[in-house]
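Structure provided below as structure tokens; questions to follow.
All chains are identified by letter, namely A, B, C, D, E and F, in their written order; residue positions are counted from 1 within each chain.
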Amino acid sequence: MLLHLSTWAEVEQFLSRSRTIVVPIGSNEQHGPTGLLGTDWLCPEIIAREAEKAADILVAPTFNIGMAQHHLGFPGTISLRPSTFIAAIGDWTRSLVGHGFDRILFLNGHGGNDASIEAAFSEIYAEASFGRRRAGFALKLCNWWDLEGVGELAREQFPTGHGSHATPSEIAITQWAFPDAIKRADYAPRIAPSGPIREALDFRARYPDGRIGSDPGQATPAKGGELVRLAAQSLARELEAFSCEPVPA
Amino acid sequence: MLLHLSTWAEVEQFLSRSRTIVVPIGSNEQHGPTGLLGTDWLCPEIIAREAEKAADILVAPTFNIGMAQHHLGFPGTISLRPSTFIAAIGDWTRSLVGHGFDRILFLNGHGGNDASIEAAFSEIYAEASFGRRRAGFALKLCNWWDLEGVGELAREQFPTGHGSHATPSEIAITQWAFPDAIKRADYAPRIAPSGPIREALDFRARYPDGRIGSDPGQATPAKGGELVRLAAQSLARELEAFSCEPVPA
Amino acid sequence: MLLHLSTWAEVEQFLSRSRTIVVPIGSNEQHGPTGLLGTDWLCPEIIAREAEKAADILVAPTFNIGMAQHHLGFPGTISLRPSTFIAAIGDWTRSLVGHGFDRILFLNGHGGNDASIEAAFSEIYAEASFGRRRAGFALKLCNWWDLEGVGELAREQFPTGHGSHATPSEIAITQWAFPDAIKRADYAPRIAPSGPIREALDFRARYPDGRIGSDPGQATPAKGGELVRLAAQSLARELEAFSCEPVPA
Amino acid sequence: MLLHLSTWAEVEQFLSRSRTIVVPIGSNEQHGPTGLLGTDWLCPEIIAREAEKAADILVAPTFNIGMAQHHLGFPGTISLRPSTFIAAIGDWTRSLVGHGFDRILFLNGHGGNDASIEAAFSEIYAEASFGRRRAGFALKLCNWWDLEGVGELAREQFPTGHGSHATPSEIAITQWAFPDAIKRADYAPRIAPSGPIREALDFRARYPDGRIGSDPGQATPAKGGELVRLAAQSLARELEAFSCEPVPA
Amino acid sequence: MLLHLSTWAEVEQFLSRSRTIVVPIGSNEQHGPTGLLGTDWLCPEIIAREAEKAADILVAPTFNIGMAQHHLGFPGTISLRPSTFIAAIGDWTRSLVGHGFDRILFLNGHGGNDASIEAAFSEIYAEASFGRRRAGFALKLCNWWDLEGVGELAREQFPTGHGSHATPSEIAITQWAFPDAIKRADYAPRIAPSGPIREALDFRARYPDGRIGSDPGQATPAKGGELVRLAAQSLARELEAFSCEPVPA
Amino acid sequence: MLLHLSTWAEVEQFLSRSRTIVVPIGSNEQHGPTGLLGTDWLCPEIIAREAEKAADILVAPTFNIGMAQHHLGFPGTISLRPSTFIAAIGDWTRSLVGHGFDRILFLNGHGGNDASIEAAFSEIYAEASFGRRRAGFALKLCNWWDLEGVGELAREQFPTGHGSHATPSEIAITQWAFPDAIKRADYAPRIAPSGPIREALDFRARYPDGRIGSDPGQATPAKGGELVRLAAQSLARELEAFSCEPVPA
């Protein structure tokens, strides 16, 4: 069930059978010469919506702008500061918890979001459990590439040149979902350099075309489809397990 | 051109011919017994993407969660506090201005956003023009129903029972775009009551099924299509005029 | 009853017969070549205090600095950023609600405040109704020129050249209240230009003497007196109606 | 010169002969059984406006709501949280410094404001001198009872029972300025108790009628007039000295 | 008992016999040509730990970075902005109050902290007593030089040239505690100048070697030892009195 | 060189030969039945000060309170909210960068700090590089157990029951440094359970004595000494490498 295409009454009914919701979350940022700017929010959206076709899960609208300050040296990147990002995740959570959801899984598509999302969870818990109250809900961060089996499949598909930004696996997923938006370029070098991440201008100097350690030329729509199907199945299981996790009384 | 389906290099090229961008912005909130929770962000997204098919404009990802605290009494509504909303609009703006965009038009689908968006503009201008500097960019808020001719067409289509929330015009637009997600209900009363807007529980008590002054039963996909086509044409002209607006030196 | 000239015991007594209070709120900003910098906070203060002479109402101290960032290009303007303004309105409200006031009407004298005041209301409601509590109080924004009959009288008095900033009606009100502070100037052009409002330097370039669309030369103390008397009567009725407004249980 | 009764052009002219401004600042809070709620902002306003009659000084609008959280147990008190207060003082300062004022003297009427005002100064300096820039302006806090000679006069007038809140000297000043608003009460005990200040309910328990250590029954309008005249003269000298203070290059 | 060298179970036991805790708080900032950068947090730490040897008191970890923006012109100074400082004191307090401590004494070593600490207390009380609740805890600020008898001893030891920054008394205390870190310099002039405190560059221009009004050349480890022993005894009595202070019901 | 035992002039001299500084950072939180509350800030402090004995490095005061909200269910824990923590790290960084340090290594002792510290770095970079400026400094987070060789040694010393909180390696380090503060307890079970980390009460229910997955009974002062010596050597090399890291122009 896609929340944005449902009515409030349908969500009320859903809440009578489940209190778990998945929020696709990502970033809108450069992904090298051929990667779509939306890659990091499109991937979790694609996977969650694929999972929704086969399972009774509720998918929230996509949180599409994340923490991408180090990519701001490339046109088209849009970033929240960590402080804004944390406040916004808090408002989403408070809204959903207010309706009765008590298991919120953020399916994330951007590694650069991890620190701010974890910090947001702590900020929310600190507020909700102030004065020794029990918060009454659980938040979970899950990167799509950490879903069961997905990392293994990606390593099989791309034994070299997977890298960590503008990876062939994420490019492949968007190719599968948006075949009309496949871009081509000559990559030089074929496998991009690796190194540390600092601020935006430093990033652009180290990684002139935006990639880190990757060769996205290996991506194909077919490989993307394999990844999406496996990730969708694993997500459904992950949500099931999260829903059942015992909460100490 | 859809920013999220473009590469950074394509955005760089776009900037060489235009420095104007449109950001669809709305809210995810209850829209009565039959309206989609996504209505207010889907409408500007639908209109902007329709306009993009016929004109060389750049459409940003959709800012899909807005200021909807008064709708939080209905499941599925997700709201930012005004302070968070203002901070986030600031971060979007700073990101885009950093790339060279100097005309940002927010195409809005939720009247309840207006105050916070205008406040955000003032906050951003206050920061950017601190110390008597010229900000160097212009921000504009445009509700889709205020686009040239659109209000007139809606009044013609729905001479009574248009109302102000869960209106037949916005419902019609989402019916046209998502024919598989059309919902049915008996409306009682046919035209919902009107009145002031206060906090969330007061809202639900005054407007038990979520509508204000509207009879969404009049909506049809065909009427929605008429609205979208007209709005898309007006948006293209609005962007053209905004781009050409003289800035005093 | 003027709160600042009362004791806490007198306010305690007032609360036993009414839980409504009016807060004059405005801005300290340039008002063209002849308008007083205090115009926008003086007008609601003058009207509220006139109303207080004939009715048992409680008038709070005047909130005299508002959101005027676009006027900062002219000496003497003092502005709060929207974020500060919102925080301060919240603190005033929390203080008054803590004493038992449950109807707070902000009588506003500056259109540029509207967005931030409405945003502040939503921020306060969001906090007060968090966790599905009923807030228990109502906030209302009323611009003095929207009081019943006032707009009509102003249009009668000034059929042309009323404009939207440094209007003859607001100048007339301050002339009536402060006859020793009436200023003269040659207006060129007689009726100032109109246009959009952006940031401070853009504003000064578009509107070199500070006026927008107005000919304040038409103001007279007598016309100001007429406006004040009518507005004061309408304000008393407005407060009465607000006090009696049914709150859904 | 009173800023709020001046035009922007008059302020521009003033700036050509002086870059110093005085801001009356206080609090709206209970002042015992007979003291006006406005006492703490009225006193500096009265003194500054008296000084303005005899000297070419510029008096800003009064900053009338301060830090009075410990008085919130008494109806009519309105308080900013320190964080809001600090933000607002920052915005006033940035506005005035933007116009070219480089000496801002806050004439304060509420001891409870001192900490927040000093903290605000440090916050503003921290921002303005970030990156080893010279701030280029000086801020000064002056409590009216610390103006030269004023404390001595008050001790002479009220050798016993002056106390620290709802003092006979501040009551006398408002009696002189607002003879129609003089209130009477039996004080029991005649001299109120003294002790520490903690939070609001603790305060009301310790000081049931709101006074601390004072016997305001000794106040007379005549004594108030003496205090105002002396304070006004001292203020003029204080502003002169502040204007001339050498700034190390 | 030193909290950081205890286990949580030992703290739980302490809470069964006392609900009072002392937090050494200071600043890390320049202290003239011979003073240690840590002087202002070392002094209260030294005194509190000396007191702990003889009395059953609980000493928290030292809050070592305070409000020192005016010292940032000298290398090695580290400062929090007042807003950060206030937030952090709030978090410490909320943590400790959550465990059951209801008397928190901040033993301070930096006069420049006073305003921000007092503002923090008001901010915390405002939050804790919101909605007319009783906060249930008391906060106290005590500068070590204001402990009973300590000021007298310092004036006896250093009748001239004590000054207000990089004083011989604070230097002496660190000499006693860190004899291996005693530094020597020629002071020119012997007694440093005095004057007002503004922002950082102004400070360095007025006080080129960092001292204000002091001659630290008079400091000796022996004098420091005398000060520490007296201060430690007074602190123990101060904590005892604070613990016993009656709280109005 | 220990910054807090140095003068500003000595730091100025250090800056002429190096622009790198190490900041020990940790948390004050429960560490099971025998672990010291200060464990997480003591460990990096101990290691950094050991390294300082043999190398020309500069050690800042210890940032001793971190993000420990999930440990607040145990007495003695003191935690900053992530938002406060981020603000404070920003202020430390701005102070140090203002003096000319351009390589700041945070040697961390608490895994729960990682997310907030990384978020803080992004917040600082976002501010410093706003408007496409180069920030001009680099920040690095290094957990002491990730220093070269340290993890391997710990795994050798404690092949089973190392766990992730109140680990034998961190306990051993504090035993070596504070032999008088070694505590004993019967651990039941010997190896504590493992699982996810949520909010404070959930944590205490899952991990009743505070340990996660660890058997701290294996700790000895001797093993702690081995870890400290190795970590100190690795830290010196890490700082050297960080200082030499090429910065793209």
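The criterion applied here is as follows: a contact is a pair of C-beta atoms (placed from the backbone, for glycine too) under 8 Å apart; a residue touches a chain by one contact, two chains touch by 3 or more.
Worth saying up front: this structure is predicted, and the values here are computed from it rather than measured.
Asker: By that same contact rule, can you tell me which chains touch chain B and chain E alike?
Answerer: Joint contacts, listed by label: A, C, D, F.
Asker: Which chains are shared contacts of chain A and chain B?
Answerer: Joint contacts, listed by label: C, F.
Asker: Which pair in C-D, C-E or D-E has the same interface as A-B, with over half of the contact pairs matching by residue number?
Answerer: C-D
Asker: Taking each chain's centre as the mean of its CA atoms, how far is chain D from chain F in angstrom?
Answerer: The mean C-alpha positions of chain D and chain F differ by 47 Å.
Asker: For chain A versus chain F, what separation do you get between their C-alpha means, in angstrom?
Answerer: 29
Asker: For chain B, jot down the residues that touch at least 2 other chains.
Answerer: 72, 79, 81, 83, 98, 132
Asker: For this structure, give each pair of chains that are touching.
Answerer: A-B, A-C, A-E, A-F, B-C, B-D, B-F, C-D, C-E, D-E, D-F, E-F
Asker: Enumerate the contact residues on chain F facing chain E in the complex.
Answerer: The touching residues are 3-12, 15, 28, 30-38, 41-42, 60-65, 72, 74-81, 83-84, 87-88, 90-92, 95-96, 98-100, 178, 181, 183, 210.
Asker: For the complex, give me every residue of chain F touching chain A.
Answerer: Against chain A, chain F makes touches at 67, 69-70, 72-73, 79, 81-83, 86, 112, 114-120, 122-123, 125-129, 132-135, 138-140, 196, 198-202, 205-206, 245, 247-249.
Asker: Could you list, by residue number, the parts of chain E that touch chain C in their complex?
Answerer: Chain E residues touching chain C: 130-132.
Asker: Show which residues of chain F lie in contact with chain D when the two form their complex.
Answerer: Listed in rising order, the residues are 94, 98.
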